[in-house]
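Chain lettering (A, B, C and D) follows the sequence in which the chains are written, and residue indices restart at 1 in each chain.
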Amino acid sequence: MKLVYFSWIREKLGLAEEEVTPPEHVGTVGELLDWLGSRSEAFEAVLEHDKVIRVAVDRVHVHDRATPIDGAQEIALFPPMTGG
Amino acid sequence: MSKPATGDKSATGKPDIRIQREDFDPAAEIERLTSGRRDIGAVVTFTGLCRDEDGRLAALELEHYPGMAEEEIARIAEEAMARWPLTGLTAIHRHGRIEPGDNIVLVVAASSHRQAAFEAASFVMDFLKTRAPFWKKEHPLDGSSGEWVEARSEDDSSAARWKG
Amino acid sequence: MSKPATGDKSATGKPDIRIQREDFDPAAEIERLTSGRRDIGAVVTFTGLCRDEDGRLAALELEHYPGMAEEEIARIAEEAMARWPLTGLTAIHRHGRIEPGDNIVLVVAASSHRQAAFEAASFVMDFLKTRAPFWKKEHPLDGSSGEWVEARSEDDSSAARWKG
Amino acid sequence: MKLVYFSWIREKLGLAEEEVTPPEHVGTVGELLDWLGSRSEAFEAVLEHDKVIRVAVDRVHVHDRATPIDGAQEIALFPPMTGG
């Protein structure tokens, strides 16, 4: 699946997007974040702000970390929006 | 107008959403929603502009999530169309570098009735602020490296007004 | 713009009220309030248009009380300036014969903050409907002698929202 | 003092304005309306809609018929407004 990052999350990771294949035990948004944090120090640092991180699965906001990611094509991580 | 009018009766019900780098023209957008129609009593526009924050800012950089930005604003706009009797609804959000005094966002709501037009435009702006995937970074005038603008809790409360 | 901008900082606090037979241009009025400024975050416009009432109307005739119309709208606008932190406020009301699809009234409210701009424009419209001395007479398409439009109680309730 | 009439009141009276000098006992808006009604049948017919008649004294809305008219230059009578 494709991961896309925005705003200071993109800057902290030094990465706008990446292709990943999570292991089988990673079935939800929350488990994905934990797994990503275990993979890199940069991501672990991002997760210090875990509470404010917003997630979109296939371009739709997800408000529950228990949301399954099975079959998702694109998962986005970003801070609270400040448009308008 | 030479281009096909979005304001055709046949087009009622489909909001017009655009994400673009270029500026927009509120008068042309009003015209698109009202041209050739005789059943519209009220048009409300909201234009959001870049402020210099008491002279502190040289510009804002607006980052967005291409694809999702259009889709999310379309979802918000369709909720507004379902909730109020609108004859037309347009939302345009710019991205890229925007300087103080320049336009950022435009919402135009047209209806037979003025409260519907006012409320729909206000509703779209409230949710656009809290749900549309855009992020502002400040470019200070003093050349220091800018900060990302933090989300404001007032914006969440404004959006919460429309619940239920 | 070549004419002296109403949007000069020095002009803040004085609403711009016009009663006229001619049409107006919402974009030009937004420009007058924002030109040369970098502290405005939000501009809300309300445009009221003549409807044909399901094809029944050829036109509306708008009668007004010259002198009092300007003064009463100025009083309403000054109440809005006192109540919300506005950087500018414009209200233009047309009189005479107005056909379906044509503009009747324009309110433009500019502020640093979007809620202030929305609420002020809505407030001015609600009181303009119930307090500004204008009366509409219908000219039906079938050539029959028209009736004066009756005041609607919903307009009184809209205005009453702002009490207290 | 000058009286000015608008909308259907103007039409029913067939008169847009007139100059009047009310007798001394006419001291309030309400007394003025009564006196005008006693002067002409056309005005009496207008007063059948007394409840909806709005009054402005020197271009300011007056909500109380007991408002004094002493010194007023211009008094306007009109139905509820329908602008906007």
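In this text, a residue touches a chain if its C-beta (ideal position, glycine included) is under 8 Å from a C-beta of that chain, and two chains touch if they have at least 3 such contacts.
What you are looking at is a predicted structure, and each value in this text was computed from that prediction instead of being measured.
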| remark: dist(centroid_CA(chain A), centroid_CA(chain D)) in Å evaluates to 72
| field | Geometric centre distance via CA averages, chain C-chain A, whole Å | value | 48
| Rounded Å distance between chain B and chain C, as computed from the means of their C-alpha atoms | 22
| message | Rounded to a whole Å, what is the gap between the Cα centroids of chain A and chain B? | response | 27
| request: Any chance you could list the residues of chain B touching two or more other chains? | output: 48, 114, 125
| remark: In chain A, the residues touching two or more other chains are 84
| field | Chain contact topology (line, ring, star, complete or other) | value | line
| Considering every pair of chains, which are in touch? | A-B, B-C, C-D
| query | Residues of chain B touching chain C in their complex? | reply | 25-28, 30, 34, 36-52, 54-55, 100-101, 112, 114-115, 117-118, 121-122, 125, 158
| field | Sites on chain D touched by chain C in the complex | value | 4, 6-8, 56, 59-61, 76, 78-84
| Which of the residues in chain C end up touching chain D in this complex? | 48, 62-65, 67-68, 71-72, 93, 104-105, 125, 128-137, 148-151, 155
